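Following are the structures in question.
Across the two complexes that follow, chain A remains constant while its partner is chain B and subsequently chain C.
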Partner chain A sequence: MGGDLNINHLEFLGHGALWTLGLSAMALIGGGLFGFVLALARIAPARALRWASGGYIQLIQGTPLLVILFLGYFGLAAIGFDLSPLVAAGASLTIYNAAYFGEIWRGCIQSVPKPQWEAAEGLGLSRTQRMFKVILPQAIRIATPPTVGFTVQIIKNTSLASVIGFVELARAGQIINNSLFKPFLIYAIIALIYFAMCYPISRLSRRLERRMALGRAQPIPA
Partner chain B sequence: MAINLDFPTVWARWPSFLDGATLTLELALMATVFGGTLGTLCAVGRRSRNSTIASLSGAYVEAIRNTPFLVQIFLVYFGLASLGLKLSAFTVAAMALTINVGAYTTEIMRAGFDAIPRGQIEAAEGLALSRFQVYWHIVLLPAMEKVYPSLTSQFVLMMLASSVCSQISAEELTAVANFIQSDTYRAFETYITIAVIYVVLSLVLRAGFWGLGLVLFPRLRRLGTPL
Partner chain C sequence: MKHGKIILAALAAGMAFATVNVAKADLLDDIMKAKKIRIATDLAIPPSGMMDSAMKPTGSDVETAQLLAKDWGLQLEFIQTTGATRIPNVQTGKADIIISTLSVTPDRAKVIDFSKPYAALASDVGCLKSLNIKSWDDLKDKKIGVSRGTTQDTMLSKMTDKHLNLSRYEDDATMVTAAVSGQADCIGTSATIIAQIGKTNPARVFEPKVPITTFDLAVGMKKGEPRLMEKVNAWVEANIKNGKLNAIYKKFHGADLPPNMRGS
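== the complex of A and B ==
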């Protein structure tokens, strides 16, 4: 125990930070794809689809990510499905984030004005054509600021993958702390690295939001 | 491959689950009260004319919102220990949750304050209400009413995030589950059980906040319309 923080420790932390980014990318892509399907199912004409996707979202949003991670790693292993920490973390984050993306994007799709649906229908477009050619291109504009904002949550949430032994930034910090025992210094450095990753994205999301608000502002009649 | 599940072994530990769930609720309620108060004060601070107070509150919000709760709780836990303060894991967990949810409350309440029309305050001053009366009846309560739905979802999310407190061995629901699964070797059944308990807890909290909303904002109850 003891000793000073040296370049090797920082390199180890850098390696962990890269894994944090990699895990975030996995969660963003996996959660995004699955969340998109959920968002479409939430507003599907078939009632069974709407109920199933709604139930899934309620269930996942009522469960902590930590419990989903424990279930995916220790729980599945106990009944005979051994997953590596990477697979378990990636799958759990996908399952968790999809529920939030599904709900955020459902709102965005539904906030496209109703006449757009009606006009597209009047032009004789099929439901699929209406969705992909008329509604989604407009919904993407509305969805950009909240999606960028939620990316910050995704990056922060990957820190929980440390509890199943996946060596990302938080776990790398714990390991170094176990040998140096300078918890305050090390966790402060970890916090700074997370801040450096998240703050620019938070700023971007706020800028996008402000731009959207300006675009929506009604001109004042003379 | 046959999967054999044995829920009764796990459910036999129901008194421990109950203790854990109670502690989780206690943590959530403490953080709601203290974090809500802290956040409201900081929201006032962020709009203050005193630029030092305004930028301090801003820095607090940005620092908390852009770092993971797991790292925050470790910093509070080890930070207090290095200052020589020996506090129980429960106290540290409640403090960390308060600091965390306080930052989110600041942002939400600030949006609420921004939504109060200036004319309302001028009208109240014109009616010779005292500074306190203006702040309470014209600014604080209506602002809270406007953002009440976002505020309560944030508090429910915070209750779920309190599972992270198991990492500093505060004996809340997740910590209880970790102990039971290492004792019974029934990890799958244990975590399924607490997942269901968490879903129930979040429904209970939502119902509680809905009821509290009816008490706090009588306009909604009497007229059936929000602000």
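== the complex of A and C ==
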């Protein structure tokens, strides 16, 4: 117990940070793909699809991620499906984040003004063409800020994966802290690393917003 | 309807699979065949499980696990766990046994099996040395810091007649910080941790004031593994007798095991 922070501790934190990035990437890609399907299902013409996807989103948004992770890893093992921590974490994060992405993007798609739909229909485009050629390109612009905001949440949420044995950034810090007993120093370092991961994403979002705003209505001068 | 049937079938298959597992498995055979034992240990609870300056696991539980694996001629794999997931890890076969300051309690004995105790953990309410506290009465309405979900937390929470004012912290390091920084003048924890506070901040030396209880620490495993249990018990007994377990305990906790344990 006690002692000073040394290079080995920093290396351990670095490994943890890599896990945090890896888990975030899995959550983002898996959640994004499944979330996109959910968003389309939420506004599908078939009522059964709308209900099923709506029910899924209600159920998952009302369940803590910690519980989903726990059920995915220990719960499934108890009934005979033995998942590795990596698969369990990937699946749980996908299931959880898809519910949020699905609802965020459903809102973005629906906030594209109705006349755009009507005009596209007037041009004789099919539903798929209307969606992919007219509505989605406009929806992406609306979706950028909330998507980035939620991505930052995803990165921070991965700390919950420590419950199934992952030593990601937050847990790595906890382990070091419980060896050195220097919480202020260690948690400050962890906060800095998280910030270093999240800040570039926020910056990127601002750039994307600005770029996509080109060719759109100019801001009204005061 | 169709979906319901598929889910039911999948569930049934899963159950059948699980039952088959239970019927055929003898955990000891599996361990010996794999030449590897998976031991669940929390590496964030000093001085039982922690990291040294080279970030290698160390601590009394870590050395106990290493000794067991060495004696049995097995490779050792530590399964990273937190306090709360120690038991699920062995129940679901993610780890073979638990060596992680697991106190023997009747509630836990309902869901897992315990070996003979390999160590003991004395816990006290420790306070600032300057405070005049001798009994539970002196602690009335005083703020006592504990680590959330530990046996100390559970024990003190049950003492409702003593009118204790508990303040729960996330883990030992946070609790120690509270004591060091003056947020708490009393904490309920092990004697080792109480001694740690004065080392961190010489201006606030704590000492054990009121003993809570002494917990037996034992190796935990899934229920219904009599052969593995027998082998673990024989190992514990032999290493208590030859003094190795006492030496490990003394190295990290600075005191011998209680006399009644060494005598047995």
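A few points about this structure:
Simple rule for what comes next: the second predicted complex is superposed on the first by the 194 of 222 C-alpha atoms of A that agree within 3 Å, B and C clash if a C-alpha of one lies under 4 Å from a C-alpha of the other, contacts with A are read in each partner's own complex, and residues count from 1 in each chain.
Rule of thumb we're sticking to: a residue touches a chain if its C-beta (ideal position, glycine included) is under 8 Å from a C-beta of that chain, and two chains touch if they have at least 3 such contacts.
Every value quoted in this text rests on a predicted model; they were computed, and no experiment measured them.
Judged by the touch definition given at the top, the superposed model places A:167 against chain C, while chain B stays out of reach. Once the two complexes are overlaid on the shared chain, A:79 sits against chain B and chain C alike.
By the touch criterion defined above, A:152 lies against chain B but remains apart from chain C after alignment on the C-alpha atoms of chain A. Of the two partner chains placed by the overlay, only chain B lies in contact with A:195; chain C stays clear of it. Touch criterion met: A:9 reaches chain C, while chain B stays clear of it.
In the superposed model, A:45 makes contact with neither chain B nor chain C.
With both structures placed on the common chain, the touch criterion links A:122 to neither chain B nor chain C. Shared-chain residue A:67: touches chain B; no touch with chain C.
Overlap of the chain B and chain C interfaces on chain A: residues 70, 74, 77-80, 162-163, 183-184.
Contact residues on chain A toward chain B in their complex (touch as defined above): 58-59, 61-68, 70-71, 74-80, 152, 156-157, 159-160, 162-163, 170, 173, 183-184, 187-188, 190-191, 194-195, 198-199, 202. Those residues of chain B that touch chain A in the complex are listed here as 1, 3, 5, 62-63, 65-72, 74-75, 78-79, 81-82, 160-164, 166-167, 174, 177-178, 181, 185-188, 190-192, 194-195, 198-199, 202-203.
By the touch criterion given at the top, residues 11, 13-18, 21, 43-47, 50-55, 79-82, 84-85, 88-89, 91-94, 171-174, 176-177, 196, 199-200 of chain C touch chain A in their complex. On the side of chain A, the complex with chain C involves touching residues 1-4, 6, 8-9, 11-12, 70, 73-74, 77-82, 162-167, 171, 174-179, 181, 183-184.
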